[in-house]
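Labels A, B and C are assigned to the chains in the order they are written; within every chain, residues are numbered from 1.
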Amino acid sequence: MLDSSRYPEKVLPGDLISPLYDIDNNNEKIVYSFHPGPGTTITKYKINSQEHKVLIATLKGFVHFEELVKTNIDSEGKESEKKEENDTENKNKLADELEAPEVNSDRIIKKYTVIVSKEKKNEMMQDPNLQEGQQDEVNNDFANNLPKEGDIVLCKVTRISAQKANVEILVVENNNCLKDSGVGTNGAGVSSVTGGSGAVTFFISQASSDLGETFKGVIRSQDVRATERDSVKITECFKPGDIVRCKVLSLGDGNNYYLTTAKNYLGVVFAKSLGGAGELMYAIDWKTMIAPTSQVLEQRKCAKPF
Amino acid sequence: MVLSVTEKSYLRDSLKNKDHFLRPDGRNYDQFRPVEIYTDFLPSSNGSSRILASDGTEIVISIKTEVVDHSLTKDLVSIDLDITGYRDDSAYVTSIRSILSKTMKSKLNFTKEKGPKEKSVLQLTKKYSFKLYIDILVLSNYSYPLSLISFAIYSALETTKLPMLISSEDDLEIEELPIFHDYDMITLDFQSPLIFLVAFIEDNVFIDPSDAETQVANKCLILTWFENKISSPIRTVSLNDDYTDGFTLLHLKESIEVVRKCAPEVLRALKYQ
Amino acid sequence: MNVQDRRRLLGPPNARPVAFSKVLEEPTEISNVSSNDKALPYMKMGLLTNCNGSSYIESGDDNLMLITSVYGPKPIRGSFTSKAVLTVHLENSIATANNSDGSTDDGKNFNTSDDYKDLSFFLKNIFDSVVQLDKYPKSGIDIFVKVVNTDSANTSNIPKLLQMCCNGILLGLVDANMEISDLVGIGIISHECCVSFIKNGLEMCGFWKMKDEDEQDIEEIVGKCKENYLENKYLISSYLNGD
């Protein structure tokens, strides 16, 4: 187990946390390898014309070390989907480790992600029953949860056409979105009055200083499901107002993130019947939802609820 | 021209190495791009110049003067800058304009003789002064134009012809408007400051970066050469958002050295034409 | 303003901002502070609620007061940016109020809008090097610094203004929980020269010298600024740790 008392507990931006590799005090065979997580970054220090790479904090808060468990990534294909969901966050970091030789000598390499967050360590570890990587409360201290590749996001459908469904991203799953993202339609968002980056673009039509300032996404018809991708009819999958669980494919273009629902656990999670006028519906199979009292059946691409 | 990520990384790699330093146009770290300068071609201005850089940057400068009562007018220099392709209120233009006008103002107040005879270069009589209007038109802009603008101002001021005063210089006692000679002109006894741009990439320091070079440079340093020495303004400017590493004292020292080496040669070239 | 006011935030076009008359009576001087120890700046984070982060800073020795507000990261539309676009706007409410009275600036005072834009540009350059822009793709981060009070005699002290702005923005960014790679700070040596440092003074990220003074070696300037920067950084970090 890593002796975290060797490293600073409370940091300010710019403070050194640890080198990239360190050796255990008691057992020289154990090598710790540290990876930057949220709130940390790698920087170079030049001392006596020799460059040293170190991890530094970029946020004010407390340092946590989270061990990366190898077993999670042993057989990615055979993993249960449930597990995959939880691990998406780690996957990016783990992916590049896969290429590195796991054991290059008789030394044991232990990998840790270093995180800086506002909460203290013991407060974060309240519930031992929780799965790794999940906290009992949504971690809302990162203003830094912009959707990135591989994230699961919850979106609201704003517009549909034959080729695609336009959505606005409300929240990144397991994370809090910024307080001003996702509330745009309520008009409670935070935005500066005078220009700002909205005025970066020269043209008024492109200026973004208006209500509804959420990150936008698009689900193209070929990204709706994994099979029979060419015969997808968007109208049979989504309706405006639905809340959809999607995965981020890419950062997309200037306007939209590209999203996909081509997984069992992705798709519509909440929908109201009769174009939003009816009641909340429940999924009965992967492409049908039912309204419990009126017995209205509607077609959707549903997410597996369990 | 905006470079792609690959182009940038290629260019940066060739510029950052101390031993195999290679600029895209094959220049030395202390070598300028060739420029062409034409002067005194605008008949209705007191002085004018046009500068053409090898990358296609073209700047036209016109200098006009007016006789003003300097107790009423504080600013004896007015600079108007127009850069094609940029809004007048953009940070790019305002920053250049602000640097230029502060430089010109402080340098034109410069006096060689201290004491009771002290007067600014532009002072005509005890009451009246010349006011300079410097209109800068950057017709085409392919690299940060500050350095070239300062060269052009230098050449324009060298050829600026001012009417010769024939009335008395002391007009405090006797109210008298300045009277000028009908056709004799004098030149302004003033050497305009030259502004140099030095770019930093890792440990390397080089002068007069081209557009592509500024896109991969960490920071650029603006240095001024005036009265045969390094002078202010000295300040940093970032010309891209991608590379933002810091710099050290060594960079500053080296850039001062390279300007010390280059500036007299540039000055000689500008004088010769 | 080139952006349409579709939110009706600005009120009717003929609206005039509230202006307060100048205080006539002389404020009573409180001189308990012994002149020996320098008055420490007063700092406060998170005063404003309608932005993501904010700070208020009052320099100890002159009456410079600044409010900084940080907005973002928020989505920007238009062309794709893989990094956040940072903007800094510095404005002096007092200078503009004075100018609208028709009083000309006395040549020494520093209050033309060009000069403020230039300072904003300089500050933006500094913060471009510390804010982790690549963690915020497709976003914009807007920083507004407003000078709410200043001794008129000190408006020409640009380095001091820059130093305080830098501190204010830094606290605003920390309050907004934005990822920054260092507590960047500005060290000043005189009324005309300042240097901004990162990594405890190992590296610089900005240099500002607008007027000539007595002959000074560049090494001496940097050294003195570094001392001042370290003092300033100590203040900031002790404030952040104590908070």
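Operating definition for what follows: a contact is a pair of C-beta atoms (placed from the backbone, for glycine too) under 8 Å apart; a residue touches a chain by one contact, two chains touch by 3 or more.
The shown structure was predicted, so the numbers you read here are calculated from the model rather than taken from an experiment.
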> Which chains contact both subunit B and subunit C?
Replying inline: none
>> Comparing chain centres built from Cα atoms against the global Cα centre, which chain wins on proximity?
In response: C
> Which chain's C-alpha centroid is most distant from that of subunit C?
Replying inline: A
> Roughly how many whole angstrom separate the Cα centroids of subunit B and subunit C?
Replying inline: 28
>> Need the CA-centroid distance for the pair subunit A / subunit B, whole Å please.
In response: 50
> Per the centroid of Cα atoms for each chain, what is the distance between subunit A and subunit C, given in Å?
Replying inline: 34
> What positions in subunit C touch 2 or more of the other chains?
Replying inline: 85-86, 198-199, 202
> Which subunit B residues sit where two or more other chains touch them?
Replying inline: none
> What residues of subunit C sit close enough to touch subunit B in their complex?
Replying inline: 83, 85-86, 104-107, 112-115, 117-118, 120-122, 124-125, 128-129, 133, 192-193, 197-199, 202-212, 218-219, 222
> Can you list the residues on subunit B that touch subunit C in the complex?
Replying inline: 74-75, 89, 91, 94-95, 97-99, 101-102, 106, 219, 221, 231-238, 241-242, 244-249, 252-253, 256
>> For a test of understanding, state which residues of subunit A touch subunit C in their complex under the given definition.
In response: 10, 12-14, 39, 41, 43, 45-46, 56, 58-60, 118, 141-144, 146, 148, 178-181, 190-201, 203-204, 206-211, 213-216, 251-255, 257
> Any idea which subunit C residues touch subunit A in the complex?
Replying inline: 1-4, 6-7, 9-10, 50-52, 69, 71-82, 85-87, 89, 130, 132, 135-142, 144, 174, 176-183, 198-199, 202, 237, 240-241
